[in-house]
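Below you'll find a set of structures to go through.
In the two complexes that follow, chain A is the common piece, with chain B as its partner first and chain C second.
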Partner chain A sequence: MAATAPSKQAILNLYGSTLRASRAFSSYNFRQYFVRRTRGVFQEIKDEKDAGKLRAFYDEKTKELEVLKRSAIVNQLYGGWKLVVEKQQPSRERADS
Partner chain B sequence: MLSRLSGNAARRAALRSAASRLTAAEARRSFVQPSQADRASVVDVPSTYQEDAFFAPRADMLGFKLELPQRGNSLTEQARPIYLDMQATTPVDPRVLDAMLPYLTDQYGNPHSRTHAYGWEAEKAVEEGRAHVAALIGADPKDIVFTSGATESNNMIIKGIARFNKDRKKHVITTQTEHKCVLDSCRKLQEEGFEVTYLPVQSNGVVDLKELEAAIRPDTSLVSIMTVNNETGVIQPMKEIGSLLRKHRGIHFHTDGAQAAGKISVDVNEMNIDAMSLSGHKIYGPKGIGAAYVRRRPRVRLEPIINGGGQERGLRSGTLPTALAVGLGEAARIAKLEMRDHARVKSLSDRLINKINAQVEHVVRNGDVNGYPGCVNLSFAYVEGESLLMALKDIALSSGSACTSASLEPSYVLRALGAAEDMAHSSLRFGIGRFTTEAEIDFVVDKIVAVVQRLRDMSPLWEMVQEGIDISTINWAQH
Partner chain C sequence: MSFLRLAVRNIARTRLAAPAAVPVPRNWAWMQAARYSASAGLSKDAITARVLDVLKGFEQVDQAKLTPTSTFTEDLGLDSLTTVEVVMAVEEEFSIEIPDAEAEEIQTVQQAIDYIAKTPEAH
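Up next is the complex of A and B:
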């Protein structure tokens, strides 16, 4: 039986959730990398018509989404200082000083 | 003298009696015990006493001595430096960690246990990891031996092959730009009576094939040449070396591929490699695991260093760390999949070099221009490398290999390339990897340009260069 292609809406939903999971990383480098990578791989598949390839892509990325979700949680748990290139939080001063 | 002593004693006795009177009178104690006037004595401040600034609570202490956990989003704002030292080590990819975590928590079996399910699941995971590592270098999974890292692999292979063939063959060839662990293993072999040829390299860091061929002797058992240099990123022509060595019977070809695997395409069959060392933490995997590729057909025989239970074909006994082996496998799988990373590293590297060249003059790139783009070794003339590093506190960089970063000696790799002493002293190594961003590169360039300019403005040498004096012609006075 030939593989049925996932609907365009399903792929778009997957794209949205993957992007959201990528943005959840607390480390600057990981966050940037996964956002960039998600955009890149979904951009490449945009004009794909082959049902088999689309199905394989969809299954693989669904698995990867779970990995990213878990990784983002672990990354948040052990998140550290921000990098110097990131926007730093404004320095707060005590009102009475 | 005597009178002063006795006077002191009398005063102390009086003090003691006063104190006992006080404790008797104030049976009810409070938190604060005010000292009475008769207990007061004038003492000189200790010599170490520093005026007012001796202990000043900072504003963020809020009246308390705060022991803040070293985590983000706390009261003391602090920024982490940018990491540009990917040749020393790479961050663990989150996907690798995710693959490892089950074997660090629930699936704790010994992969060598054959009698129960815990052992079976661990063994299955290790074998999958082995297959991924083999696929990365185009090898057969049975040829891969897990070790603790590339250093152990190098030691095992170099000493093992040389010692196994010691009855008939006593000659080993390597190059001057190898990693310390290869050079040290060779020195150990020299002590055992082997002869070692350390081949010089050309000024671009590449080995001359004619010199290699001339160095081969009938009793040569091993040639060890690294694929990608860890300090300069120079790529050796492995294919040509492999086919050259294939013409001579009985020579084993070993390569240190720690910096090459996953970064440039490596195929052990195409390159005729007999043995290869790999490392986990250079390809976004965990530290503490590496692999050795030891060919079985035609068989490469070597004497193991670690003897014991006979795991890993008897070459490296000891229980395998399941989680680390899985992590190395996952890192290898991702490295094989993520081809888009190569183009990205190349574009970031070009961005860095072009931007620095556009704004600073007298910058020399060490090593072959067509080397691995993720390792850029630049020498800033008339600036001392270590002072440059100290001024760049927002950037994590290195002037050379991490093993030698504690010493101020110039890099022996750059000296082997023929760099002058002052240029070898002023080198910086930029390691660009999968997780580096454009914003980081731009930040680094801005900082470097500013710092180099400032250090040169301070330097009398730079002033002379501006006036047109050739530094090398100066006859420095001897003191």
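Up next is the complex of A and C:
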């Protein structure tokens, strides 16, 4: 049975959703890692023409996206302080001090 | 004597208890539906400046050709994956979420600006 390749738009939508899920991580290290990994993985497959490989890639990444979404939620529950390298919230000072 | 006092008091009380006529404004229905917190809205110039700032952050973007009218793929030399990333970055900048179907449509800087302009939640 010949596998049908997912459309280009479907892959792009998957890319967008995966990036969005990666950005939802609350800890800096996980967030940066998953964004970087998503970029790398999708750039590699960019010029792939083989329908079977594309289908396998698409199915695998769709499953991974679900895992990623769940992990991001768990990570948000246990998010710690922001690291010094991150953009901090503007500090507020008391007017009377 | 006390009976008289009681009677007088009762009369006074019934008079006070009578509902005071509250004038109902004619546009009552409108007043209930009205929202008094109007959004300030973003000016077109502010949106343009911020969208261009987002695009300046991408190293793949051809900075010399960056104008509000340029298209992502042809003028700025972005591939389709980076175009998705640009749209995501714009989402993040204006704290909105663009649905996939509409994100596909955004292929030029101007379209991104127009989308933000017609989205009231953008800020």
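The rule is simple: the second predicted complex is superposed on the first by the 96 of 97 C-alpha atoms of A that agree within 3 Å, B and C clash if a C-alpha of one lies under 4 Å from a C-alpha of the other, contacts with A are read in each partner's own complex, and residues count from 1 in each chain.
Here, contacts are C-beta pairs under 8 Å (C-beta built on N, C-alpha and C of every residue); 3 or more make two chains touch, one makes a residue touch a chain.
The structure displayed is predicted, hence computed values, not measured ones.
Student: Do chain B and chain C fit side by side on chain A in the superposed arrangement, or is it a clash?
Tutor: Taken together on chain A, chain C would fit alongside chain B, as the superposition shows.
Student: After the superposition on A, what does A:F30 contact: first (chain B), second (chain C), both or neither?
Tutor: Only chain B is touched by A:F30; chain C is not.
Student: For the three-chain arrangement built by superposition, which of chain B and chain C touches the greater number of chain A residues?
Tutor: Answer, by number of touched residues of chain A: B.
Student: Angle chain B-chain A-chain C between C-alpha centres, in steps of 10 degrees?
Tutor: Between chain B and chain C, as viewed from chain A: 130 degrees.
Student: Quick one: classify A:N13 as touching chain B (first), chain C (second), both or neither.
Tutor: Only chain C; A:N13 stays clear of chain B.
Student: Looking at A:G52, would you say it contacts chain B, chain C, both, or neither? Reply first, second, both or neither.
Tutor: In the superposed model, A:G52 contacts neither chain B nor chain C.
Student: Give one of first, second, both or neither to describe whether A:N75 is in contact with chain B, with chain C, with both, or with none.
Tutor: Touch partner of A:N75: chain B, not chain C.
Student: Can A:Q43 be said to touch chain B (first), chain C (second), both, or neither?
Tutor: second
Student: For the overlay built on chain A, what is the smallest gap between any CA atom of chain B and any CA atom of chain C, in Å?
Tutor: Minimum over all C-alpha pairs: 16 Å.
Student: Name, in rising order, each residue of chain A that touches chain B in their complex.
Tutor: 25-26, 28-30, 32-34, 37, 40, 64, 67-68, 70-72, 74-75, 79-86, 88-89, 91, 94, 97
Student: Which chain A residues qualify as touching chain C in the complex?
Tutor: Those in contact with chain C are residues 8-9, 12-13, 15-17, 19-20, 23, 39, 42-43, 46.
Student: Any idea which chain B residues touch chain A in the complex?
Tutor: Residues 59, 62, 70-73, 77-83, 91, 94-95, 97-99, 101, 340, 394, 434-437, 439-440, 443.
Student: Which positions of chain C touch chain A when the two form their complex?
Tutor: 79-81, 84-85, 87-88, 92, 100, 103-104
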